[in-house]
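One chain, chain A, links the two complexes that follow: it is found with chain B in the first and with chain C in the second.
Let's look at the complex of A and B:
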């Protein structure tokens, strides 16, 4: 990061601009918001990490049903605790930005939906996905029968090689036919 | 060096942030109501850009030269500014640069280099603006169509579309909970729809078709009836205050009859809820365009022959329509949203808080823009009124939305609706306005006593005269040649149309071939992977050459290589 907490160095700024899909003003804004999340001691260490709870306190992520998965996917921490450095944070914003391509977005969406991190979306992942999106409490969930029916519909639609799971290419294929995906997979500060 | 780059960065940041008009407001609306409602505001902003561009072009090339050479308008004695002009556009305004009649036909300047030919300027400004508008519309319509209509397979509507359309930009806690609720309801609905593929018995289907025929006949009949009543009302358009009656009636029809159309929803049963929305849109468009068509034909036929400065009269009529439309949109916002909210929450609880009807509001915007496009030729400064109107409308709708409406219940097919709206903006709206202006320019004789084209046979004769002038100068012979052999010859257009038709036929054959290829490859993937004895699932390279065909080819190749490795 920069030498002082409040200023991002120019060369880093242009480097970040080249490596991500963000514009200069978006990077500066991200830096400002990231610095606000840091505690006083952390500001002076070279690559500070923000713990997951602090990241989840951002208003853009607070009510998102996938907030924990997002943090886990973008985190590069060895302890797998979902903490983010500034560069992880920029990666996150870049994937969710306006100018990110469909391939990037669908790649990250796949990783976010893959709850057990095994590289495919099987029945368990799909069930967790549907529960995330419909509600956590018992009276808002779908019944077991409905869930089974829904998962079999999903697999019928998207499982091209009929192996019972949706892999990355099948996922990207079905996403490319959903025109609303690119405009709704967006988080802007 | 450093300082300069610092300065330029800050300046560009600041200008970008101010030019990014309404960015904060739109993010707020999108966060609470989702991308469907946001598309209305984005459409409004896009139309505003058209009008700002039109204003700059018209003001710069037509009005400023007129103001430089004739700074004070020559208003006849006895006419002074009364307050009524704001509403009627007649009286004092009709002698100013607001309308066609206020422009002179002389070539300004002292001759030699600093000449400014008002006739050519007027013609080319309007023509250039129309062409640029048309190009912008075609471009955005085509790219929207390609991204959102062709690639979106409407057959597989179901579950994946719903799941993948989760709007990550929604940040409000309550809105998120509501969306989860709506999504659950929609998932349950889609599950039950799949089960209910029952074929209705013949009598039921005949009854449905009978009802459809009845409602469509009724709605078209109503549209025609309104059109004829507007036509008869036109005949009474004589004294000054009564001139407001016609726009009032037109706007009233545009407000009331669509509400009537939405009553048809109760009787008709479309198999697909999307068809319902399309039916409403088509009916509204037929109504609005038929009224505009009747007004235009009245102006072209009767007004052009009767009045002396008829272009200004038409300009004034359009001005009144625009103002009255604005007042009625405000009224519509009041009744549609505020009162519905009050009724829904206090009186009839079962109705609930109203939703923001994106389709109806966008159609109102398209109608308003059609009026502005028709008015470009007759009233060059009409875009000013339109800009003010859209500005106020943005804030009005935003306030009404946040106070009175709830987020939409169905995860709307926002992208496909967007394509349809742009298509409606292009096809009946822009092309209709363009054909009317083109007809005026090409065939109608301009008025004798006012305007830049007085004394000529048709407006287009100005170009003919200019070409004759250029013919005498040797350096411009090529322009004259292009004019005579390309623009004015019919053979050229015939050949171009023929070539385009041939290309369309060829591309259609290619598309059909590709679709066949897709089906074959799909089947082959299933065959290949079910022939797999064991092994990991196909890991696939992403290389998107042709979206439809090559994906399958790549998957097939990788599956094969997995088996044989």
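Let's look at the complex of A and C:
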């Protein structure tokens, strides 16, 4: 059922092709890069898991301010430690691929931005989001007053039912009008 | 019941059951095809896929038996094969895209703008191919070099026809080759295929322009659709928040730049929102802006006049004979145009410092001015070219007179005026040649593009590479830090480069009719440019400090491309329609107008009634009402789209009020429920027995995917009879549970 160390089985490959937005070459490349992340002992177990630190060492994720959230969202680990199996990794790449639909991208973007995993983007989530975007150093952060103003502006724009949070449908409504979203929400190996 | 169906003979199935089974199979198939778009974890998707596949295979077999179902089975098999083919084709396409890895590498370092190269290259490759096809036909069918006067170098020029200087100028052998219009024979049908050469030349020329229009407009329409239409501007802050990070960034330096630019943009946006419209010193700002525009206009006028002057001078030189002048004087026109194109934008940049605009607006002004500069230069060039065309035509008239004299001299007066003479064989090189104005036009364009290319490459080498080398090595022994201050490494100017590409394309469109190989040459040039730029970008450039776009959508550059397409095909169309072709060169020689070839074809190749229908259809009495109809259709579509926008806004407002009302009602209901539950659990239901209705509702709420904070399960403290309006933030109920209540209420 799992993947062997060096080869991806053909039937699995065709199933993955049907279930993701990736092409055959991309899946094979993903398998190669994933195997490189595995430690020697892990290679022989049927469904190996790569710990989050190793995933974060990938050059495509290293400079991303949301890297930890991305790992948490796509991880199917019971311990919620952000570790990824190969199938989680494929899910990740599929959602971030060029041909993924807007619905899938916006769904996952919403989950990534939902820092407290409560199903809505409330003030706390938005604040953490802004802090991620402005870099982690103190001199680039916004002041409390600016932050408050920013969050109230955002809620005014996106919160249609005025309940103080942005839910998935409101988020998708905003995102679908954005010209940049699909082209910027991309990760390619 | 399904197992029974599988085991029974298919003939026993009633038609309704069969229909239902077919429906279910189709539904499963639809599920399979939409699985990849579902946000489920892979394990779940795999299980669903395998289950559905099993189901489909089992019952498709049942459905496929029997005589009337053979067609169904065949259809199913074809569909499977088609889907496999589609998937393989997608894989093949991605493998074939040129420079895919290089572009990904660059995109990780710079912001992802290089997508624009794709439509441009597609736009170029296609005409290139079409014209190659034209040439191939010609090469296979037509008569070879040297067999006709138009294909041979005149005797006088033969001596230096192979000189590099002459060839570089596209004279000599190059002038009488397939590169230019003048080479093509005007014979109506060539070879054993009866290939209609002039007709195909004309149609290919017109066809490539039409195809280009189609591609540009289709790309624009697609971009406009992706925009979503409607209220683009009302989500500025949200978009900054949710979409400003570019996930392709893999380089820490770029990431830092991006953080800085995002922070700046947030702060700016907040400031703009807060501060009043009133600006101190608005009069000074206005005055400075007017002054800046005036200076820019002077620049544009100056450059236009310079080009005109230089072109007239080059005409004078041409009359005196090109050999007596230096290299600079011979190539003056092209050099001046290229240099102007290089220095004026820098000048505009300096002038725009006076204006004090927001960077995005300043960028738009800058691009607009560069656009005006290029356009002005190009049109001045064309007007000067028109003068030259008229000169050549006058020359032609004179030559035609001289031809008769020359022919008479050949026979040396041995014949009477009316007798027919045996044809005297004269070598094609000795026949006097008319000045072929079309080839001249083609030559001018080719020269222009070559010099433009050279300028670009040299600017790249000097401006980027040499500068980087100097900064890197002189930094050790210089008084100030060359890398941080002036001059430092050059930035990769995305918008400038894209504009350059667009103008290059415009020049191709202009010249393609008269120099058929021009698109092919341009494809070559683009390949070389691509490699050179890739190398320069990775080794000598730094990313732009402030990363922002000239406009909200990609349609800005596409719109520019469309305008350029229109403006560049205008001169070509004008020359085709008004100027009579040369009498001895090109595929339309001897006709009074180039488009007469269509008339000719209609008369000779098509049945008589076709010509009649065509002449009726092109009657102004028919064409004018048709145009009127189109205008009315545009007006109608415009007004319906406006009304849709209006309806959209109204709906949105309604949605807001309705949600607010629902919110209020739901809080009221929930409050009532909880109070009921409170009394219920206290009085009626002891904890051990079956939970009462209120508890069931709470349990149903617990089924939602999200956590409910513990405070929601206990009844709230008594609040007064008045429920406050919309709940501020999320106090004791998270939004999902509020939405869940109506579902459970239906029990």
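Methods note: the second predicted complex is superposed on the first by the 185 of 189 C-alpha atoms of A that agree within 3 Å, B and C clash if a C-alpha of one lies under 4 Å from a C-alpha of the other, contacts with A are read in each partner's own complex, and residues count from 1 in each chain.
Definition applied: contacts are C-beta pairs under 8 Å (C-beta built on N, C-alpha and C of every residue); 3 or more make two chains touch, one makes a residue touch a chain.
Just so you know, these numbers come straight off a predicted model, no measurement behind them.
Please tell me, clash or fit, for chain B and chain C sharing chain A in the overlay.
clash
Examine A:77 and indicate which partner it touches, taking first as chain B and second as chain C; both and neither are also allowed.
In the superposition, A:77 contacts neither chain B nor chain C.
A:131 in the overlay: touching chain B, chain C, both, or neither? Say first, second, both or neither.
neither
Determine, for the superposed model, which of the two partners chain B and chain C contacts more residues of chain A.
C
Looking at A:169, would you say it contacts chain B, chain C, both, or neither? Reply first, second, both or neither.
It touches chain B, and chain C stays clear.
Please state which segment of chain C collides with chain B in the superposed model; the candidates are 567-575, 693-701 or 711-719.
567-575
Which residues form the common part of the chain A surface touched by chain B and by chain C?
24-25, 59-60, 62-66, 96, 103, 109, 120, 129-130, 133-135, 140, 142, 146, 149-150, 153-154, 157-158, 160-163, 165, 167, 174-181, 183-188.
So in the complex, the part of chain A that touches chain C is made up of which residues?
15, 17-21, 23-25, 59-60, 62-66, 76, 87-88, 90-91, 94-96, 101, 103-104, 107-109, 113, 117-120, 122-123, 126, 129-130, 133-135, 140, 142, 146, 149-150, 153-154, 157-158, 160-165, 167, 171, 174-188
So in the complex, which bits of chain C are touching chain A?
Against chain A, the touching part of chain C is residues 32, 35-39, 41-43, 45-46, 49-50, 87, 90-91, 94-95, 104, 108, 112, 115, 223, 226-228, 230-232, 234-239, 241-252, 254-256, 259-260, 262-263, 266-267, 270, 273-274, 552-554, 652, 655-656, 659-660, 662-663, 705-707, 726-730, 734-736, 738.
Which stretch or stretches of chain A touch chain B in the complex?
Result: residues 24-25, 59-60, 62-66, 96, 103, 109, 120, 129-130, 133-135, 140, 142, 146, 149-150, 153-154, 157-158, 160-163, 165, 167-169, 172-181, 183-188 of chain A touch chain B.
For chain B, which residues are in contact with chain A within the complex?
Within the complex, chain B contacts chain A at residues 9, 13, 16-17, 27, 35, 147-149, 151-153, 156, 158-161, 163-173, 175-176, 180-181, 183-184, 187-188, 191, 194, 413-416, 522, 525-526, 528-530, 537-540, 542, 544, 547, 551, 554-555, 559.
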